[in-house]
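Next come two complexes, and both contain chain A; in the first it sits with chain B, in the second with chain C.
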Partner chain A sequence: MTNVADAQPVSGQVEPPARTSIRGLVAQTEVDLRLFGMLLALGAILLTFNVLSGGKFFQPTNMVTLAVQAAGIAVIATGMVLVIVSRNIDLSVGSLVGLIAMTYALLMTDWLPALGIGADFPFRWVIALAVGGALGAAVGALQGFIIAYIGVPSFIVTLGGLLSIRGVVWYLSSGAAVSGLDPTFQLVGGGAQGSLGGTLTWALGIVGCLAVIALMINGRRQRRRFGFPLRPMWAEILIGAVGCIAILGVAAFANANLWPEGLANRVAGEQGWGAAPESGWKIPTGFPYPIILLLGVTLVMTWLATRRRFGRYVYAYGGNPDAAELAGINTRWTILKTYVVMGILCALAAAIASARLNGATLDVGQSYELYVIAAAVVGGTSFAGGIGSIPGAVLGAFVMQSLAYGLSFMGVNSPGQNVVAGIVLILAVGFDTFNRRRGGGR
Partner chain B sequence: MTVAERTPLVEMRDINVAFGGVHAVRDVTIDLHAGEVIGLVGGNGAGKSTLMRVLAGAQASDTGQILIDGQAVDIRNPRDAKAHKIETIYQTLALADNIDAPGNLFLGREKTTRLGSLDDSTMEAETRKVMGRLNPNFTRFRMPVKSLSGGQRQAVAIARAVYFNARILIMDEPTAALGPMETAQVRNLVRQLKDEGIGIFLISHDIHDVFDLSDRISVMYHGRIVDTVARDNVTPDDVLGMIILGKKPDEVTEKDKAVIELRG
Partner chain C sequence: MGMRKLAAIVGMATMVVAACGGGAATSAPSAGGASVAPSAGASAGASSSAAAGGDCTVGVSWNNFQQPRWAAHDQPNIKDTVEAGGGTYIDADANLSNEQQLTDVDTLISKGAKVLVLLAQDNKAILPALQKAKDAGIPVIAYDRLIEDPDILYITFDNVLVGKAEAQAILDKVPTGNYVLIKGDPGDPNAATFLPQGWDEAGLKAKVDSGDIKLLNGPDGTFTDAWKTEKAQSNMEAIIDKAVADGNKIDAILAENDSTALGVVGALTSKSYGFPPLSGQDGDPANLNNVALGKQYVDVFKNANELGKAAGAAALALCANPDLASLTLPDGLLDPTVAPTAGLAAKAFTTPGGTSVQSFILQPTPLTAENLQVAVDAGQISKEDLCKGVDAATAPPACK
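== the complex of A and B ==
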């Protein structure tokens, strides 16, 4: 309420003053600088390993493997953002992934056949995913209830979950590893056959481009309708072009990954494709299914976080719990729901993990909680609450996985990888804290 | 006063609130008419804010009854209060710092599209309208409110209270954090809202604010209402005496006056 006495009653629809400085130009594009910086950091990490390995690292096959390894962590990290934003924590995700993975394996090998649903039933994977999702949601709801309605600190509740759920996994299988999943279910783990293939990958890339353009046109139309400041045309075109080129570039890169020669020959023989061409079979794999799953999860979770009341309330509670309460928000129900979402995401991650293994062992998901929390935090989620983004956490998962994969590619053993991961975690958060403080606490 | 003949807009009867052994509000009965401003004054811990939190649904009372337009109502949480057109501007402002002005203004009452998604464009447009009246120079509609000045934040909190057509407005220290210019503007706003027929409870430490704006003044002391007086029948010194001593002016002795001199 400044200076009202001599203020002109402007409509509030003024354009921000045109600035010619570089910072002003960047501001006009309205690009999220934090996210952009993380993309650059990820690029720098990949490039460094590529140089160190003499150009061997940046191969499509390496990148696809890296992405699939990061997918499970990234899927859970999207939910961890909401949990940490609302000033809680979930330490039980690794054990819950283990429990659900073991459930999938036992469903396929013992429980479904016992109910007369044998290997010939085509929708066993649907049943398995439904059971896994329901189990995850139920465990999440129970933990969320104890945290939100009884008031036991989330650290304690989920630490208890971490210990006791892992114990249940042991009882389920009497300590044995269980293997032999449904072939359809296995596709969610990726691999040459668990991928979209060349044509669909291109199609998805084009759909993605069209979606970006449609969203931008819709956003501009919306702003014009309400008389809000518009983004300059050059910025719109620049962002649209860069976005489309990036999407199609990633699609092309994924399609440069080919089926292994041996597998191609074997499948060709089984399916009667005829003789191999002279140069051998060149079948592009395209995007692996776990990456498609991650893409879907990222879109849905971003939509939940930014476009729905649930997400708004999670952020409001994280920013100021009292204000959320006084605004009439049902804060307990909101917190409980974050844990239900978390449980469902664990079920998806467990599907990826068990499909890759073609079964489940006692330690599926071990230490996931640490990697997931690290991904969320490297992605800009603040433990003070109220701050964090879902695309940021996904990028964070890729940054951490690139480091681990790159180091192991360079022959660094796993203790060495842990040393680097720990230091990077602290550096990333330290850098971020420094930046926020300098930026006037924004 | 002729207003006393009509049914009050709000009546709070025999309200008691205890926190453990601390009896924060004792047997308080208070009423408020449409178009009236009641100044609620008292020392720290006198129970003013707790009493108002009961009306706002933010604090459960142990006993007592709330009537609106003569009808007993049940206010169990802030949502109930808002449903009865009771809006509150808290001393802390109760803003979510990480969310922008439209998000705060509509917090808990978001406008949504047909499919239930947040309609941010409409919320921003509405916020621009109401802020245009309160703070015409304001343009930072998409910045987290953390980055706004104290006066701008106050404007957002006030906008939230007036946007939803409140009938009863609770203002807890609305000018405590403001400069002279902004304080004058809040005073103008209070007069304007009063003219529109809104009943206002005004909590303030500033005795000038209270005398400037109130029709009646209720003084609280250690959880009780000492007295509710018409502003025109008392002097600021009388009110100050009640705040410090917890006694009505005619009960004050010479010895008490010496105490006021000492503390004043």
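== the complex of A and C ==
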């Protein structure tokens, strides 16, 4: 059977009218202007701080710190997009992260050893993550049930969750901080040893580049097959090239981040690597594990939102709840599932937070809900429902965190950071609302 | 019978039963968060309004009962001392809210408190509540947190002395070099004024002025919103990055308390920076373990058991005789290393606002790897928790 995709273009296929203005050229590339605009904004912020600090800011090690700090919020923000798109809200994420982080800590310091699973069992971290995920899903399901099936407004239910779950955390540890986690679990938090390493990072970069090219080829093929207008060849090549270079560039940047020499010497001694080379070990760290986790979560969530019924139902409900209900979508089940997803994402973010701290305190995760909602909204999610972008939310999280980290780096204290964050949030969303009204965008 | 009628009758029956059933509960639950006695059995004890012992009811208004130390040390000691002297103990928790604390004081007064022990969430916002107490003729003890008023009794560990102990230990270990200052919540006078004052009294200011010590993160250091560990960790990571970018080595870190110190240790670990000498206060178990592991150098311990005993005894004495000037603590009640250096009679103390108050100022105990046994003996931490993960070769004396 001949391959349909390689057949002659269908006779009714439309070619877009040629336009030679800049705007026309940009429109032909079909780049998502919003997302692109946010990338530019992020670049502008980083550049500004770099100039202000005399070139010291934009170093690999600093950018890695920034990325790891943003990872937890970004993970939860991917789920918050679905919640906000479906005209709900989830205020309990911070408390849930605190609860699960404390659970991880207590599992590994108290409960598992009490069951006889001591520090020498290599898969304690798997058990801990499984328990945490199940706990998150259970709490999410409970909240989702009350919201979707009993009909209590999500603001109220999750507000109640915020208060009571934080209280439960106190009871778990009688208010004390718990520390001393499994060394393997700690790797989830990043750091020099919690990173992929040079070779794997390059491999991942190459895989990413190839994936972009494959997506472009496949996309073009699908368009031709179903008679959609094709992008001009130069646009396809440009996007493919830029995407590939960007991915490889990020991989190279991550690999430019080296292990501290002290750590390298210590591990060399412990593992018997022999004498150090003359200029030092210079071991590249590569992508930290929290970033790999974030990447995986973003890909899965984007796939869920765009290629699965669940995601499309969420957007349909958000766009017009009555129409969705009348169309036969099981809206209640869909809403409940969005909260279960949030619970699982909170478990992942809690893993990052507690691994970074090597333990848990009473106030882990406090105020996360505000940052997560800000990230989602800055990323283009609208409170009116029906509109939201998951990669946008991740970018939004990075934009907010780059501000916080940059100001910290420049020595601006917390009050100053909060003032700036609040102003930027209003500006970002205001600008987006203004654009939407003016341009009639999606 | 309609559902509504049934519901109304059930509701009324419940209310009747409840009214007949209990006397005043030990802890007046407040909207924000009830204070919780860790041993639930104890709270059921001598606390109904038909008092078990004499008529000295002592009311305690906590501002942040959720912090572990109060339930673990202060509350049991105040309660036991008061009840041992024949008094009655009642309390309420304001959960960090000024408004809630004003309500709590009202509640305690209306429950018949003869003496009030107040941990002021804010030393200015508490003044209306203080006025109410004075109008009702109730003596007030300012416990651990200062209230700017000449008629109160101030029982505390001198936070300036705490800061001095913190800085003294670090300055002795690292007399010259690059320092990082990590402070607590900018709105807390302890963080902004008292502890830094102690640091300066230990010699920090002199050394900075003479150039022996260079401050890497600005003359005021870095504040940490709400003393949060995660925020301290993010701030410290940025500071480490800046120091590395500038080519400075961090030689010592002055952190004001244990929750921020825990965040600092997290940042040092994630950047694989090693562990320069670090200070803290409160003797939190996780931090004491870090001292045993060598990740923190000094933890200034305020034996809150002693503070609770002092407050309980002072409250009983005030019930009998409200005259502050002649107030004396019983002999043998307090550990001599903790008891006020000025003796067991109340002494005058001048507050930063210039007010003179009667006071009992207790002494803090700096804990380093050498004397961790003190914490174990005071019941602050078990030996097992203290020595978690400690390598036998480098173990401190308390772990051997």
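Here, the second predicted complex is superposed on the first by the 427 of 442 C-alpha atoms of A that agree within 3 Å, B and C clash if a C-alpha of one lies under 4 Å from a C-alpha of the other, contacts with A are read in each partner's own complex, and residues count from 1 in each chain.
One rule holds in what follows: a residue touches a chain if its C-beta (ideal position, glycine included) is under 8 Å from a C-beta of that chain, and two chains touch if they have at least 3 such contacts.
The model shown is predicted, which means the values in this text are computed figures rather than measured ones.
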{"item": "Touched partner set for A:Trp259, first chain B, second chain C, both or neither", "value": "second"}
{"item": "Partner chain in contact with A:Arg308 - chain B first, chain C second, else both or neither", "value": "first"}
{"item": "Chain B versus chain C as contact partner of A:Ser154, first or second or both or neither", "value": "neither"}
{"item": "Contacts of A:Ala324 with chain B and chain C, given as first, second, both or neither", "value": "first"}
{"item": "Which of chain B and chain C A:Gly167 touches, first, second, both or neither", "value": "second"}
{"item": "Chain B versus chain C as contact partner of A:Phe226, first or second or both or neither", "value": "first"}
{"item": "On chain A, the residue positions that both chain B and chain C contact, one per complex", "value": "none"}
{"item": "Interface residues, chain B side, partner chain A - complex", "value": "56-58, 77-79, 82, 88, 90, 92, 94-99, 103-104, 107-110, 112, 116-118, 121-122, 124-125, 128, 131-132, 134-139, 141, 143-144, 146-147, 149, 151-152, 154-155, 178, 181-182, 185-186"}
{"item": "In the complex with chain A, residue positions of chain C that touch it", "value": "33, 36, 38, 66-68, 71-72, 186, 217-218, 220, 222-226, 228-231, 233-235, 237-239, 241-242, 244-246, 259, 262-263, 265-266, 269-274, 284-287, 289-290, 388-389"}
{"item": "Chain A residues within the chain B interface of the complex", "value": "1-5, 7-14, 16, 222-223, 225-228, 303, 306-309, 312, 315-316, 318-320, 322-329, 386-387, 440-442"}
{"item": "Of chain A, residues touching chain C in the complex", "value": "53, 56-57, 59, 61-62, 65, 68-69, 109, 167, 170, 174-180, 189-193, 259-260, 262-263, 353, 356-359, 361-366, 404-405, 408-409, 411, 413-415, 418"}
